[in-house]
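Here's the structure, in structure tokens; my notes come after.
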Amino acid sequence: MSGEVDRLREQVAGLHAELVRYNLVAWTAGNVSARVPGRDLMVIKPSGVSYDDLRPDNMIVCDLDGVVVDGDLSPSSDTAAHAYVYRAMPDVGGVVHTHSGYATAWAACGEAIPCHLTAQADEFGGEIPVGPFALIGGDDIGKGIVATLAGHRSPAVLMRNHGVFTIGRDARAAVKAAVMCEDVARTMYLARTLGRPVPIAGEDVDSLYDRYQNVYGQPGATVTAT
Amino acid sequence: MSGEVDRLREQVAGLHAELVRYNLVAWTAGNVSARVPGRDLMVIKPSGVSYDDLRPDNMIVCDLDGVVVDGDLSPSSDTAAHAYVYRAMPDVGGVVHTHSGYATAWAACGEAIPCHLTAQADEFGGEIPVGPFALIGGDDIGKGIVATLAGHRSPAVLMRNHGVFTIGRDARAAVKAAVMCEDVARTMYLARTLGRPVPIAGEDVDSLYDRYQNVYGQPGATVTAT
Amino acid sequence: MSGEVDRLREQVAGLHAELVRYNLVAWTAGNVSARVPGRDLMVIKPSGVSYDDLRPDNMIVCDLDGVVVDGDLSPSSDTAAHAYVYRAMPDVGGVVHTHSGYATAWAACGEAIPCHLTAQADEFGGEIPVGPFALIGGDDIGKGIVATLAGHRSPAVLMRNHGVFTIGRDARAAVKAAVMCEDVARTMYLARTLGRPVPIAGEDVDSLYDRYQNVYGQPGATVTAT
Amino acid sequence: MSGEVDRLREQVAGLHAELVRYNLVAWTAGNVSARVPGRDLMVIKPSGVSYDDLRPDNMIVCDLDGVVVDGDLSPSSDTAAHAYVYRAMPDVGGVVHTHSGYATAWAACGEAIPCHLTAQADEFGGEIPVGPFALIGGDDIGKGIVATLAGHRSPAVLMRNHGVFTIGRDARAAVKAAVMCEDVARTMYLARTLGRPVPIAGEDVDSLYDRYQNVYGQPGATVTAT
């Protein structure tokens, strides 16, 4: 197992650089985790540590109740939410949380992002839904994420007044969903403040989603099998 | 021919860095291709590969029906659209596709970008037109691009609910058109949400376009002869 | 004392890079200072010097009336405001001033930023208040900062028609407050221009603030104890 | 003279990096020039050359009618406008032209930027004015710049439907004015689309402008003496 955990420590530490690159995070406000396949464990960012200072060896290993099993620092203050998702959704291998600005603006308004873009149909299969307001500190955030995603194809949920959680088959897929969620949230913000976005017919959304999930990319590298 | 293909592999791989530099693409959502002059071949990005990982030797060579003739990976999922343009428009030597945010916001609203900027008159000769909604997977996108550009001076078309396609005499000119399209789309978004943009008289647009296409830049280096 | 001043010269010079990284400043328009603990001294940026050229040895040491005690250059033109804050607020160890764009837009409208985001409740404990218009050159700016912050949990104040001042237990905490202030100002600008932001109940704001100030981050590293 | 021209070639080539750093230009759309003190000569960017490729030795030396006296490439297509300004305004030592997005949005609407920010009062002494629409190719743009700036303290003018021209005591001061113009244009765009910007009293604008022009920065380094 140790080799697998080491690989995930390296992947999780490295993937935070994508949150910085795509301008999804300010200061230390965003985190990535990965499930350790076949074990009731996850690898997650330490709390309040600068992205410049993340290294494989300061990532934290927790069990799926959020209890630290390896690591000198406290885990992310969002650990309970990540852990709840892994317990409730066995196919999820990675979770990402950000307060990326455009997506969080939709979340502050309590509005789902309607689907007017082929890229959104591809990645999210329709609207990006809004989850409930929930206080940090227990399972309320985790429950809100799972309950909302259960009824949607979307791997992203906008938690009201808070920010974004995304899921994926692995941590990289969850990071991709976080990047694409902010990109869609930005384009749809611009469209809504510019004019009147034109709807895409429901059957076209279905067709785009089906094709993208099954055809896009390289053979054998399925995209976001959540 | 091999030397020419090698040169285009290098150019096409390198030009994707301009899409990243000008913030036109998120994750892997954008692609550049070049026609191999005098041959029914094109060089294009592989599908779903990160911009960090593009190199001359993983570019894909396809014929103008989109069939791979050299390359180990699948070509861009937009290959059919690029190929259609090359078949229909013999003077086009390069094609670019992006979902750049401001331009795509205009596309989501189904609105052409009206010409209120001298830079737009220079590069696009008037409005940047909107093409039809079209599903990926056949020739519909390619047909929409060609039918729309046929009636305009513009080397850029906003495909409804989708994104931007640009053309050029070569791949570099098509990339320039993609960069300038997003720049114009952004400035005109800002102008429209700020106040009431002032029109430019049609004869002034004509005069600016004519001068720019024939005088700007260094002698012998015509700008965007599409 | 010399070792402590040297440490603060290095910290203050270095922290200006965070203002640049987070796009809070144009040209030379923003500055960081630190109190020398236990001494009536502060370390501050020189006036009108490019961020590229800041080094520990060109930082200026002033007394808390703004008189230079060590340094060859003139101190920041905002030195009087920094000094006033240190005289009036003995627990403040760092002060930052910027004209960061989103926060300054709220300041230009004379509007406090209402609290619709959990991140704002965490860091600012409620709204980010607006201070009075004040001319540079005496103690008016300093008095406006102190009078406004006295009634709020917020470590940031939007000075009307001017920009942002933030305070912290040390210079790093004040820089963090400046970064988070702009992030919140941006997200709330986007939310307000997009739709109708949903309020957070007052007791939930209190609960979030209390938890964040006492639990977040690593043990022993309290966050923004102002 | 050769030493002075060499120094200006290096300065002008290098200052273009500031246009890129502050995101004022796309592709090749922006240029800097410097007057050769005491000579009827100027140093300016070559036309249509990428910012990556600018070096001291490919800068162009022209006389003040825009005729090339040293250089292998064609000078900027805006050379006539720069030359006109140098002929008409003997105290101007540097000129900058950009299509920076926020400022150009105000220009597209034909609106001056009203003064609601202390930073704008400092640098521009009041509103940033709008100049007339003018076609490229003769002295119309130059005449419009000079006629507009004659009645204002501002070192920046928004040419209608076009972009920004700024002047300064030297090329660096003109670049600073271009950077600050876009910064002010952005903040005032945000303020106008957010709410109702609060005016600054005329005498306060005068007081801020007077102080900044005479006190700010290091002794002996006057700021933007135009």
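Per-chain residue numbering starts at 1, and chain names A, B, C and D are given in the order in which the chains are listed.
By definition in this document, contacts are C-beta pairs under 8 Å (C-beta built on N, C-alpha and C of every residue); 3 or more make two chains touch, one makes a residue touch a chain.
Everything numeric in this text was worked out from a predicted model, so none of it was measured.
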item	value
Reference chain B; chain at largest CA-centroid distance	C
Equivalent interface positions on chain A and chain B, same or different at half	different
Copy-to-copy rotation for chain B and chain D - C-alpha atoms, rounded to a multiple of 5°	90
Gap in Å, rounded to a whole number, between the CA centres of chain D and chain C	31
Intercentroid distance (Cα basis), chain C paired with chain B, Å	44
Two or more partner chains touched - positions in chain C	193
Pairs of chains in contact (touch as defined earlier), listed by label	A-B, A-C, B-D, C-D
For the chain B and chain D complex, residues of the former touching the latter	22, 116-119, 176, 179-180, 182-183, 186-188, 190-191, 193-198, 200, 204, 207-208, 211, 215-219, 221, 223
Chain B residues touching chain A - in the complex, by the definition given at the top	26-27, 29, 46-49, 73-74, 77, 99, 101-102, 104-106, 108-111, 133, 135-137, 160-163, 189, 192-193
